[in-house]
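Below you'll find the structures, each written out as structure tokens.
Below, chain A partners chain B and then partners chain C, in two separate complexes.
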Partner chain A sequence: MTALPTSLSGKDWAIRTSGLRKSFGKTVALRGIDLTVPEGATYVLVGPNGAGKTTALNIILDLVRADGGQVEALGLDSRRDGPALRAQIGYVPEAQKWECNWMRVATLLAYHGQYFSSWDDEYAARLVKRLEVPLDRRYGKLSKGQARRVQVVLALAHRPPLLVLDEPTDGLDPLARETTLSVLAEHMAEYPTTLLISTHLVHETERLADHMGVLNAGGLRTQVPVSDLQEMLRRYHAQVPEGWSGAGVLDGSVVRRSRNGREIQWTVWGDESMVRASLTESGAAVQDVRALSLEEAAISLLSDEETSHVEA
Partner chain B sequence: MDEVRRGRVVGALQPGDLLPSVRQLAADLGVNPNTVKQAYRELEREGVVQMRRGQGTFASDMAVNGAERKRMLREVANRALVDAQRHGAAPEELIDSIREAARSADTEAAG
Partner chain C sequence: MSRPDPTSPPSWRTIAPTQLRMLAQLQKKDFVILGSIVAVLVALSIWGIAHASPDNGSNEPAMIFAILTIPLVIVAAFWPLGVWRKESPEQRGYFWSLPASRGPHTLLRVGAGWAILMIVCVAIMVVTWVLAEASQVRFGPLEISLARWYVPFATATLAYVLISFLAVLLDGPVRALVWTCVAVGGLRIVAEATQLTALGAPIDTVVTSLGMALAGPLGSAGPEVVLNGSALTQGFVLWGANYLIWIVLGLVALVLAAFRHQDAR
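After this line comes the complex of A and B, so read on.
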């Protein structure tokens, strides 16, 4: 049977990391990840808090040094060409507070714009209006949601070829979230951009994503095109006979299993007709097969395969 | 996609009508522009729309075909059937009650 893929096929990468490792003291944040973001993709990196998402993004931007491994982004070695690379990246950091807290937002925009030759004042003004950013307030006095919107303007207004967004919808109310997604979608339609978005709330970015990587406990469980995920990942609901001996069938392809008496519910990666056939052959009577939303898929992929919801 | 097809069938979209641009629709729905492009391309393959380079996407002037209308009605029927089954009603009962509902809707409209 086919196992869950952990690498993407292709050759034009906006970002490619190999064997990225990082520990903070005794805590292992990343245990050798090979993350690849195709050029032009919208890659959503999913994982629970503490999975290593922010660490991975920070290493890509060369804001944090890795213990081992390499990052190539936009054809540059992030460690050697950090500044040149960051000049081509629009970045929304996870943390809101920084050294510009005392600036009024208008000043902050002007100041930030100085760093980028491609900064577009007119576009920045349009974004400010769309996102209802208060220009005359001090940045440090903004609410979490307002600060996040300022960050989005800062990231987009120089029209970088690569956007790295760390929890971009965090702290936004539903309306602001819709507006932000709309702004991003319009930006993508207008300028060729690669996006790397980290989130622990998949459903918020589901409509933008075309690739998904699942990071858990410092390891990349999978990275796949969303279209493959929709085609290959299914939840199978089946009845099994008393003393069923087929528990080992499809080993390596079962992403998550749960059992309740004679009913099993398995989430399996593979061609549907083949999975059905294998289950039937093992004596299970398949009753229902359904595709999963991106969020359901992410949750399945993040849960521990064997121990999840096993009820005797 | 279904919205555009429906619009075409019920006549809300006339041949030659300009559809929203990819950018506009992506922004309105907050979805990946490539998804919108794909949907338009698929509709073009089905002959529902026509993409003209640099001008936009238009409702195609192909006559609304009966097959498409039939397909849509079939979908409505299937949904109703599934729903009725869930409530333990037989197809015959459903058909009767649809007729009844249509009659009372007519009377109401007349009155």
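After this line comes the complex of A and C, so read on.
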């Protein structure tokens, strides 16, 4: 049986980190992660609050310095070439309120645009119209959703080759969320861009994602192409005999297991026919096998296999 | 003509005016407040000129230095708080996310703030000059060497640099300043009570030196300056030496604070 993969194969990376470590006092935020985002990919970084997602993104932008490890993005060392790298990144931070709260939105857009030589006023105006951004209001007086949409305009209007979005739909109402994701999809279609998006609302990014990384408690549980995830991750529902001790051969491939009397429900990474065969061989009668949605997969991958709910 | 590389960070020549424009907008309210204070001071001065006796020693020409230096030092000390308003290090995420090297970018902001402060100083000095001209009518010609008009600019710059260092480095610069004063005052009282000169003497030296550097030559020379021209020269020498020490220390501290990497929060 194959274990859950933690690295991607390939050679053209937009972002590659190796052994990234970071602690804030006694709190360990990242425990040596090797994140690899292929060029042109839409990589969704999933994890619960406090998993280390924001810290990882901040290190990529050199807003936070790692205690150990390295980051290379767009062929640049984030620490050494921070300004050159940030010039090529469209960034939506986790925080919606900024220090520029006193600026009117139009002033903020003009100010921000001065920092990016590829800033496109025309495109910015289109985005403003599409996202219904109020130009004449002070940024600090905007609602959470409006502030978020301004940040999206700031990130996209210079058409960067890399977008780093930290919870971009946080605070948006369903309609604004839909519009923002559509704008993002259109942007991706129009301009070749690599997208690294951090979220805990996986279902929203399902239509965009082609790679997924799962970060939990500062460790990278897995990172895989979504197509592999859909092909290899299955939930197996089976009846097992009294005193069944489990299919030992699957150890290392079982992502999540739960049991209710003689019924088991296992989420397993591996070739379906081989998993079926192993379970049958161990005495379990497989009753149902189904593929998981991205969100179900994320939830399974985020739950701790050892401590998951088990009823004897 | 070559087009700028779309992937390269902006040049400092682009960033400098951007920061200057941004600060001018940010500090609009400060200008209104300052303008109101200056207006009140002008009114008071006009009243003072109209009612003062020509024999009154406090209206001696050299006092112009004191009249200008102390208010400008106070304005300059508050100025960095306006430059970094709502941008303490814990709120500086946006500023740091812009494509510019943090150290020079921070120093450029400080420089832009200083440039605006100097414009404000010039405005205040023009007002003072007008008042001084007006006072000639009653007190006779003032003998202020033009070369000495740089003093208020210099002391204001020192105050600005020292407080900028705190504002760049710390989340609560005012709190830090108050606590430093309390700590120094407390140590001085302890030294006095225990007659510990090894503690008291260095504190006195540092405080006196900083006081001289900020107060200008008049403050350094003492009140006899108004009667004795040589005391003024001595005051310039004393002030110059102390000023040099503190401005160098302040600038070094400011540069170190600007280049120190702080994690975004």
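As a working rule, the second predicted complex is superposed on the first by the 310 of 312 C-alpha atoms of A that agree within 3 Å, B and C clash if a C-alpha of one lies under 4 Å from a C-alpha of the other, contacts with A are read in each partner's own complex, and residues count from 1 in each chain.
What we mean here is this: contacts are C-beta pairs under 8 Å (C-beta built on N, C-alpha and C of every residue); 3 or more make two chains touch, one makes a residue touch a chain.
Keep in mind the model is a prediction, meaning the values are calculated, not measured.
A.B. asks: In the superposed model on chain A, is it clash or fit for chain B and chain C?
C.D. replies: Overlaying the two structures gives chain B and chain C room side by side.
A.B. asks: With the two structures laid over each other on chain A, which partner does A:Glu190 touch: chain B (first), chain C (second), both, or neither?
C.D. replies: first
A.B. asks: Look at A:Asn49 in the shared chain and tell me whether it touches chain B only, chain C only, both, or neither; answer first, second, both or neither.
C.D. replies: Neither partner.
A.B. asks: So, A:Trp98: does it touch chain B (first), chain C (second), both, or neither?
C.D. replies: Once the two structures are laid over each other on A, A:Trp98 reaches chain C alone.
A.B. asks: Which chain, chain B or chain C, ends up touching more residues of chain A in the combined arrangement?
C.D. replies: C
A.B. asks: Angle at chain A between chain B and chain C: what is it in degrees to the nearest 10, using CA centres?
C.D. replies: The vertex angle at chain A equals 140 degrees.
A.B. asks: Give me, in Å and rounded to a whole number, the least C-alpha distance separating chain B from chain C in the superposition.
C.D. replies: 24 Å.
A.B. asks: Which residues of chain A are in contact with chain B in one complex and with chain C in the other?
C.D. replies: Shared contact residues on chain A: none.
A.B. asks: Which bits of chain A are touching chain B when the two form their complex?
C.D. replies: Interface residues on chain A, with respect to chain B: 42, 178, 181-186, 188-190, 207-210.
A.B. asks: Can you list the chain B residues touching chain A in their complex?
C.D. replies: For this pair, the touching residues of chain B are 22-23, 26-36.
A.B. asks: Using the touch rule from the top, collect the residues of chain C that touch chain A in their complex.
C.D. replies: Spelled out, the residues of chain C in touch with chain A are 4-10, 14-15, 18, 22, 25-26, 85-87, 91-102, 261, 263-264.
A.B. asks: For chain A, which residues count as touching chain C in their complex?
C.D. replies: 24, 58, 61, 63-65, 82-88, 91, 93, 95, 98-103, 107, 111-112, 114-118, 158, 161
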